[in-house]
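Pasting the structures here.
Note that subunit A is present in both complexes that follow, paired respectively with subunit B and with subunit C.
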Partner chain A sequence: MGEGGLTEVFLNECTEIIGNLESDLVTLEEKNDDQDIINRIFRYFHTLKGSSGIAGFTVIYEFTHNLESLFDKVRSGEILVNRDIIDILLDSIDYIKDELFSDSGSPESDTIRKDLTDRINVFLGTTDKKEEEPEDFLKAVGAYKSVGSNERYFKIAAVFKEDIFNNGIDPLMVIEDLSGLGKIISLTVDKKRIPDFEKLDPEKCYMSWDIVMKTRFDEMKLRDVFLFVYDDNEIDIENVTEKYNVSKETPYIAEKKLGEILVEKGIINNNELEDLVRMQNDKNFRLGDIIVQKGLASPKQVDEALSEQDKIKKKIEISTVRVDSTKLDNLMNLLGEIVIGQASLHRVADDIEEEKAFRLKNSLYSLDRVTREFQEQIMSIRMVPIGPTFEQFKRFVRDAAHNMGKEIKLHIEGADTELDKTVIEKIGDPLKHMIRNAIDHGIERSDERRKSGKPAHGTINLKAYHQEGNVYIDVIDDGKGFDLEKVKRKAVSLGMIQPEEEITREKLVTIVFSPGFSTAEQASDLSGRGVGMDVVKTNIEELRGSVEVKTKEGEGTLIRIKLPLTLAIIEGMLVRIGRSVLIIPLLSVIETIQVSRENYKTVEGKGEVILVRGDYISLIRLNELFGIEANFTNPWEALIVIVESDGERIGIMIDDLIGQQQIVIKSLDNFITTSRSISGASILGDGRVALIIDIHGMVEEIKNR
Partner chain B sequence: MYDNKRNIKDTADDTKGEEVNQYVTFLVGDETYGVSVMKVQSLNEMIEITHVPKARAFIKGVINLRGSVIPVIDMRRKFSLPPKEYDSFTVILIVEVNERLVGMIVDAVSDVVNIPLSDIQSQINYSARVDTSSIEGIGRIGESLVVLLDVETFLAGDSLTEG
Partner chain C sequence: MMKVETEVNVKNIRSFYTSLKNELEKESEVILDLTDTVRIDSSAAQVIISAMSRAAVLNKKISITGASPEMKALLSLAGL
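Then we have the complex of A and B:
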């Protein structure tokens, strides 16, 4: 059982690392001397290796060891980053992915690995081979965590027995030995044990040492120095590399006090610190001031320590907890219950005697405020930045562009824009489709681009941002735009429109979202055969979003996805038809009107229409569509809710308006109904279930009737 | 209608002397049916059912079951029996099928009974027009017989997806 858990943790970790690696490697190809990225990649490889070793994936372990060695040479500047290297590394990642995540270990995997190993060895072999054994061994066993650099820092606290000289050992020699292994950064002598002169025994050792040193050797080597004294004396060797590379990733650090930091840096020692703290408590001084005053450390040292403390604090502020997302869902559901319960309390308030009702309502309103805030908090937990989703496309664009012989750069904006987790999970595929289309059909080859006076490399912009309670994602390419003539010809040949039909640009553009439509003369392996954009559209509509395309011939295309901030709670308008209560999402509602008899007409072929401010808009009798009985059958008696879908206005006939409230969406099992007009259900204050109307689906359903 | 040969599961006799299954029995029309007590989540009184447009023929609508929206099936419709006014005996039996809850509207709930395995006949030769796949067996309680429904096959899979 435990093993299964470990493997799972490992695989999860790998998914994350591989994703980061891919994106970083692609970035590295562009900025091939960015040390930060190089170090990060090295750490990824190292972690991958270490973890695979622990999880028992020996093959991966050995393989990543090679990768690490290869990348080590990149890091040290022995190998320059070029496309070949990146190719090898990316191919290797593909292999690892395959090995780890495909169920059936493919029979060729051994061959692939050998092949890759050979390619790696070519690089390793041609360069000077002088890797040192101990270091290599250490890396292999993952003996130390931080690999930001080859230098390690150790803090050694050596308290010798008083009679150490009797054994013929001189602490000075030991320290000298140590200094031979590296650079001693600080050495503090604790003289507190030295007794008064009368009592001093010159043959005894009263001093202890705190040493911080920088070395390329490992802890074992340091221990060797203390070989003869280790057992009898208090020798404490601690790897403190991470504390010295504190600006890099050190997730384990807990909040620290200034004194502790100074002690760690070896500027003051523990005993001094204790004294200082005592003084601080007595006199209510700031520790830093006391330290400087006492001349134990220079003001600069204290400042450095303080800034380090700040960094640590910051790290703690953004520290995270991993939570199973079902727990969040449960929390959300519970909140939904509360919202429903409140709605029912409001109903109770309506029924009771006025004075009490007033008081109850007042309390309820303040409770409402709290719940709303509570909801926002839970929502914010569910919100995840879109960055990682965007990042994964870097690799995709690179490979796809290479394959097509095009030069394309992916530019990312708004990576920290947050979306509901569910949306993030489902937006990846549609985005990929769109990017694929842009690479395939949008962006021209370099020669073509130069001819039309554009830069040789095309650019795809991925941009995410918030606006008016929605999240927008734009996919913009500076390619050739839609060839609307071609779109039209294609649409005619597919029988979607009539040849002589006058059709607006906007209409033509939306045709690309129709099922089975593709203008690519030759379907590439990238963007399939016309099963692209309609799938994109359906996927996004499932998330209650919409897609919009703007294109300018020769200049490029913009595809704008609009998504709701959350999927769980919406503002809804409650309407009544007969005995049924239905919910119309408030986002779609424009207005509610009454229509006069003269403004109602029946138009042949178009059904019923009403005149609203000079425009005729179609009228939908929801009761007929849903098979329920309505109180009013004449539109001039009923109320009309005007809604908008895809830029088109529609009137829905209802009996009465009940009100507006927050609606907790409960999904309906899809076997219950085939109707596209319903997006889900919600529970009303009185416990009844009301269906939520999917305006867009309803329009489609009516059109297809 | 059926052949009264005893054809009991082998496990019944040789493991424990007398293994007993518990069933909730209910009435639909004139017939008594039973479902394993393990499958029954709760018994609810009749509440207002929200009609769902274009729902499957036997789905009466959806109800609010402690905050979840679940479908309810009219067993009379399912068994092609004439509809009957809901009365104070009408009950919604909530059963768990493939990890989701489904309500069954039945005319009345009778009892929870223990039926020894030896009194359950699991292989029945019906006449051809009866679909036996969703019937777990026929149980005998004293003189009366109970049709034991296998809710998993009865409500899941094909029966839920076909029109």
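Then we have the complex of A and C:
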């Protein structure tokens, strides 16, 4: 791997790790004894250290080594998690980000690093001991200790794979970490494995070690050192304490699914597991230890469950593959071409002799099924959970709220909800702006909130969910809601509405999405400059989504974003108007009807309406909207496609239905059309281009006329 | 005397290997000067180990000088 490639891999990895670290650190501030999060954070620092060393970022390597040491003390319980620790760690992450990702790096970077290192050293030198935990508890109950104070001896055999350098791992660094855990009694490098100098490929690894070391740490701690090489390399750690005539203590490794495995095996039941987990949280001991101590399982059973856990982990790791996302985009584009080709073959089938056409169509239907399945599979690969996007806002909310002197908690729901990769990439900025507005304008200061009988801390809820083939994201705050009077005054002063104009509450709310609109008297660092909400709306509409706002003065605001599952292919209904073919997204279509002459009316102020099962619904003439010629001018002669937009039904008048098919969406540049009624175009089987109607945009466009 | 770079790792190991090979071919004794070297990785360690074995076969010698205490500790862990 070239230097550039290695650096790129490292930086990509760092982006992911830093995002996870920020989110986990903010969560840890609230749940300061969550061992899962603590262990995860430790592993992130460990990986950052190892990878930066290999990628040649020596300064970062040394700096993260300090962070790892600091967090090791957190992990061992020597240092309590508090705001100061989290501040140092987050500031350190900011420094690392700056060092790695800013073009020139900060000119004060050395000073910043030195200052941070000094702050870290203060903590490393001070042990803010926890209130005397019942250290003797395990001894008292006769349980196995996870970390003992007595020294143990371990024999470690480590044979590394030849291609380990490709993974950015330096075995010598691993051995160096290991040596930091105790005293090396003996160390042998098997030089026989290293080829003759003339035949040596220096970019392959031939190193292997046999080490005996004395340490006060347990086997798990030693295994942690080999965390990222354990599965793919031959690492054998044997407790040889007995051979060195030191008291024998068998440590157990407890990881989070141990309890589940034991329940599955019928060794313990769910009630027992709940009690054990509670006890584990209270006492901060390992689950395996407690289970053995309580006599619910033998040490052997716990060991077996742990082995099984390792196997499961390995299986999961092997079954996942990282793929460059552009390859997925290419696959989707190629599939798009296949779909167009199929549509073209359907056209050919229409023109050939009946028997051959029948056979061709049968084959094509089978092919359609496979293509559809293929599309679903590719779609599922492109779908990624929104969780990481949501998680990144934890840090943002923490810092922004702190700067504004407010207390705000971010609550996340539906982190597993999956969206198309492209949507995920583009939704971050609009979401950030909405959250920023909620912090700045929505949520009140604590004293103000208390006066209104609200909890001192405000809450922002980020919620994602699937519904009716769409993805919804709600940003809900429990702040003071919109001051609609103020919105109206501002709109009048900006000339957006007339002072005497009767305006509905719904319409007033939508004014906040107008360019240049802001009610803030003063622009803050966060918002209030009148740019943003209009951009938010435009960005979301570019994703073929929509935004809806609901607000209640004094109680809060809900901003709901509706997004399509995918941006690439839709099911469309092809309709004909005169000689033109248009596409209506099938998701919006409720039914197609013919209306009788009696059920068609013209209502003043509402235009044309039709009566459908007792309800009057508006009628839209596409030919007038797009300036095309239609075969029928009377609604009772034409067909009416009933569609739904934002819960409202609308009838669209067409000449004829052609059928439904998968539509590959091709975007249209603004110079072709700025109409909101068109979301894109598609190439039909006969090579013609058909415009895709954006139902929501069309309704909005008509309403605003 | 062969002056070794500040860092030798998998990124520049090929040039280190080639330089050492050339030195070993023309000199009866190669002294690796680690005065400016702050870190080597496994790839560098195995090149030096292999070169030392080769030198022994050729009745030549490779020695190390100028290593800082930290480097000495690292070399020791690498079996050097």
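Quick note on the criterion: the second predicted complex is superposed on the first by the 393 of 705 C-alpha atoms of A that agree within 3 Å, B and C clash if a C-alpha of one lies under 4 Å from a C-alpha of the other, contacts with A are read in each partner's own complex, and residues count from 1 in each chain.
As a convention for this text, a residue touches a chain if its C-beta (ideal position, glycine included) is under 8 Å from a C-beta of that chain, and two chains touch if they have at least 3 such contacts.
Everything numeric here is computed off the predicted structure, so don't read it as measured data.
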First, second, both or neither for A:L668, with subunit B first and subunit C second: first
First (subunit B), second (subunit C), both or neither touched by A:N333: first
First (subunit B), second (subunit C), both or neither touched by A:I408: neither
Subunit B versus subunit C as contact partner of A:V189, first or second or both or neither: second
Touched partner set for A:I650, first subunit B, second subunit C, both or neither: neither
First (subunit B), second (subunit C), both or neither touched by A:L296: neither
Residues of subunit B touching subunit A in the complex: 47-48, 50-56, 59, 61-64, 67-69, 71, 100, 160-161
Residue ranges of subunit A in contact with subunit B within the complex: 333, 336-337, 340, 580, 625-628, 666, 668-669, 671-675, 677-678, 681-683, 687-691
For the subunit A and subunit C complex, residues of the former touching the latter: 3, 6, 53-54, 56, 58, 160, 165, 170-173, 175-176, 179, 184, 187-189, 191, 194-198, 200, 202-203, 205-207, 209
Contacting residues of subunit C [partner subunit A, same complex]: 7, 9-11, 13-14, 16-17, 21, 24, 38-43, 45-47, 49-51, 53-54, 74, 76-79
